[in-house]
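Structures for review follow.
Shared chain: chain A. Partners: chain B in the first complex, chain C in the second.
Here is the complex of A and B:
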């Protein structure tokens, strides 16, 4: 991997050039409704960005899978129905100051969106986006990325990663797209700067590692063979089924498709975020519901992230951002739950008949 | 065209099967597509009424009859009730075909027992006609079909046609209390009808579809007759939105009904978590 040194001023002028060229730039910005909170937002100037403050309230997924988006327009005419397609090509955009957990989340959802059928709406936006992540320095006690094969220094999904060094940043140019973005910007990094940044990466990792031990590879198979373990009933007792966890999750991607009238003859088909935690999610028209209780729905969430997705794609569907724990009104804490389950799995506790 | 965009189809024919179940014959608006469209028996699609939404049904017509597809549905929810309000000539949307299919090639040269209950005949009917259209490539064909009452039997004209064919053994049954004075079929539930009709599992595949309770009590009968779990095929359904493995709601544990199914063997089904 190649490196470059980018001064604070150099980063500002890069953003200035991008904005001047009409490129959309998304960065963490202080929330208008709560100055202590941060959201990923489109910025008009480099000064709007608030790097290194805290984890943005929502992940990056809304820039690729909006909370609601139009899939098609329809119009009833005298002779039938006309469909107007929506564009699948998105305008170029740069995401600056993303956390490695949010970026890794996009890479995980890529696999679902490309599973045999390619979701052009998702990839239209993905292909138009260059991602500049920051070495994470905003971790707290709820973060557990290092337990999941990732880390605050992880490059997964990033085109460029910036690590703060004296007066500026060391830019790790992870992909060709990243190299292209920094073409003409920055200068050769001294070996001292590189050593400084590498040390900062190690240090960042050491701040998260004590939060949760690495999840063992066998955990996924243990979960699969413990589908009927009675533990699911007690584990989900505090779950309200509100779906807040899914809304803030960087990897939750389940959606609903509904039609919406604009007038008597015209309307749109929309895709909206949905969550496996709500009672209507799997309800059949007949009244039958395969996941009728909250314990079954919570089991689905854990099984999907730590066993079902891994069985298909070879990695976990969780990046350890901890947002679900922070958002849960019932105080369900995912790292604690996972840690308890891992302990159980290592005690070889299995239900008879499995 | 994104993967969620449907093809436009016109309703060419409407058949009322029962008081609440209807069959639509659909033709592609785009004649080019009509010629290209291919599917296999057991596959499904997303049917839509614009302004109301999409609903998932199997393709109930056989792939051996091209130029159109048929779907049968019971007016139950928002979309199916809207579908019921449509008339001949109206436009609907269709995405598909999705999912796997019944292994017709594997079944060639063997006998087949078809077992269906109620509206469960819809996916089985696609296989039945597929087999009957290639009749000389299969051995004995037995069809066992039942419903709660005589009025609930679907595809009545076709049942009559199958009953007249010398190369089809047809057994019709209605639940006790569901018969009429003119009823000539069995008054029995499906497991009993299977016990009375099927004598051997030798060289035979079973295709079964119906309410979960019917399948639950029929599988032991097939076991007793000696059908191995990998020669019994069924088709599952679950609520779906995309049909493409992305919307995240049709999975039964690690198995996605939309991608790994909807057709499963009894052996595969027994390994699934009890969450369907």
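Here is the complex of A and C:
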């Protein structure tokens, strides 16, 4: 991998150039309604960005899969129905200062979006986006990325990663797209700078690692064979089924498609975020609901993220950002729950091995 | 706290209840606890971090909890209003629930970051509380702590809203409600939202579009808060659950204040006192019917 040194001023002028060229730039900024919080937002100037403050309240997914979006317009005419689809080519955008967990989330969701059907809207935006992540220095006790094969220093999904060094950043140019973004910017990095940044990456990792032990590869298969384990009956007692976890999750990507009338002969087809944590998600037209209580719905959340998705796509559908735990009004804590399940899975293995 | 643990232990040991719904230490501060064995009663805690309204778990829609059997629930005075509301509206039978009511000296607005109760850190919902010593209970527990300081933040927000012109108020709420993503977390976390099928989910006809457009968001939040008028117990679980941090507690209180002015009624912790929505009074103001 190639590197470059980028001064703080150099980063500011890069962003200035991008904005001047009309590129959308998304970065963490102080939340309007709460100065202590941070949200990813479009910025008008480099000064708006607030890097390294804390984990933004919501993940990046809304920039690729908005909470609601129009898929097509329809109009009934005398000769039939006129359909007007929305453009699938998105304007160029750069995401700056994203956390590695949020970026890895996009890479994970890419798999399902290109599974039996290539989601043109998702990839229209993905293809138009260059991602510059920051080496994470805002971890807290709820983070568990390192337990999931990722980490605060992970390059997964990034085009460039910036690691703070004296007076600026070491830019790791992860992809060709990242190299292209920094073309004409920055300078050759000294070996000291590289060594300094590499050490910072190791140190960042060591700050998250104590939070949760790496989950073993066999965990996914254990979950699959323990679908009917009685543990699911009591695991979600405190869960309200409100789905706030899914709203803030960087990898929850389920959506519902609805047609909404604008007038008697015109309307739009939209897709809206949906969540398996609500009872309506699986309610059949007959009135039967195969996931009758929150026990089954929460089991689905765990199974999908840690067993179903990995078995289909080879990777977990969780990046350890911990947002679900922070957002949960009922005190459900995913790292604790995963840790308890892993312990249980290992206990079972030992018993059956005897 | 020892008194609470003692009562919980006895209720479980004697088989009076199958589960005690209370608070325990969790990985991120205090969390709801479901104690099913007498020997676990020592896990129970109660202090200023206990913000959650546990009455929500008595909602019959929470099948994962109802399957445990008869419950005792730890409540603060504000939470007791939700138990009363559910009894009043025939969601619960009084004899099927054991109420462990705690004398309360206020709770924190952000128990994850703060520890001491001050005028800045105490929950805005504790301002003007008249239920520090709950009246609806089977066991009234704890010593009455001193009165908490008053956090005037929400009162000031509401006063500011009342001073606004209707156009300004509309623009304020448009800005707030445009952020709603229609996840309905507010509804799911609400102890008084127990409809088997919410109007927001009726599709024949579709009363309210499910997309998070401003028009639909406004329709949804207006419908919800009006359905809560005179029923809302002001526990602010809706606001705590909202992943978009909408000021839903301000909206609810704004409507509750209007109900109080017009009908001289505040959400009551006495299940036999009817709420305005369920009673007809000949002396009600009817100046809006012409």
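The rule we apply is simple: the second predicted complex is superposed on the first by the 348 of 354 C-alpha atoms of A that agree within 3 Å, B and C clash if a C-alpha of one lies under 4 Å from a C-alpha of the other, contacts with A are read in each partner's own complex, and residues count from 1 in each chain.
Everything below uses one rule, namely that a contact is a pair of C-beta atoms (placed from the backbone, for glycine too) under 8 Å apart; a residue touches a chain by one contact, two chains touch by 3 or more.
Here the structure is a predicted model, which means the values were calculated and not measured.
Student: Chain B versus chain C on the shared chain A, clash or fit?
Tutor: After superposition on chain A, chain B vs chain C: fit, no clash.
Student: Counting only touches as set out at the top, which of chain B and chain C does A:256 meet: first, second, both, neither?
Tutor: both
Student: For A:116 in the superposed arrangement: first (chain B), second (chain C), both or neither?
Tutor: In the superposition, A:116 contacts chain B only.
Student: Please state the minimum Cα-Cα separation between chain B and chain C in the superposed model, rounded to the nearest whole Å.
Tutor: Closest C-alpha pair between chain B and chain C: 5 Å.
Student: Mind sorting out which residues of chain A both chain B and chain C touch, each in its own complex?
Tutor: 256, 258
Student: Can you list the residues on chain A that touch chain C in the complex?
Tutor: Residues in contact with chain C: 31, 33-34, 37, 57-58, 67-68, 142, 233-234, 236-244, 246-248, 256, 258, 260, 270, 272-273, 275, 278, 280, 292-295, 325-327, 329-331, 333, 335-336.
Student: Could you please specify the touching residues of chain A with respect to chain B in the complex?
Tutor: Chain A reaches chain B through residues 71-72, 74, 76, 80-81, 83, 85-86, 88, 112-113, 115-121, 224, 227-228, 253-259, 261, 267, 269, 271, 274, 276, 281-286, 290-291, 296, 300, 303-304, 307-308, 311-312.
Student: Name, in rising order, each residue of chain B that touches chain A in their complex.
Tutor: Checking each residue of chain B against chain A gives 1-6, 8, 10, 29, 48-54, 76-77, 80, 91, 93, 238-239, 241-242, 244-249, 251-254, 259, 273-276.
Student: Could you list, by residue number, the parts of chain C that touch chain A in their complex?
Tutor: So the residues of chain C in touch with chain A come to 26-32, 34, 52, 56-57, 62-65, 67-68, 181-189, 201, 206, 209-213, 237, 240-245.
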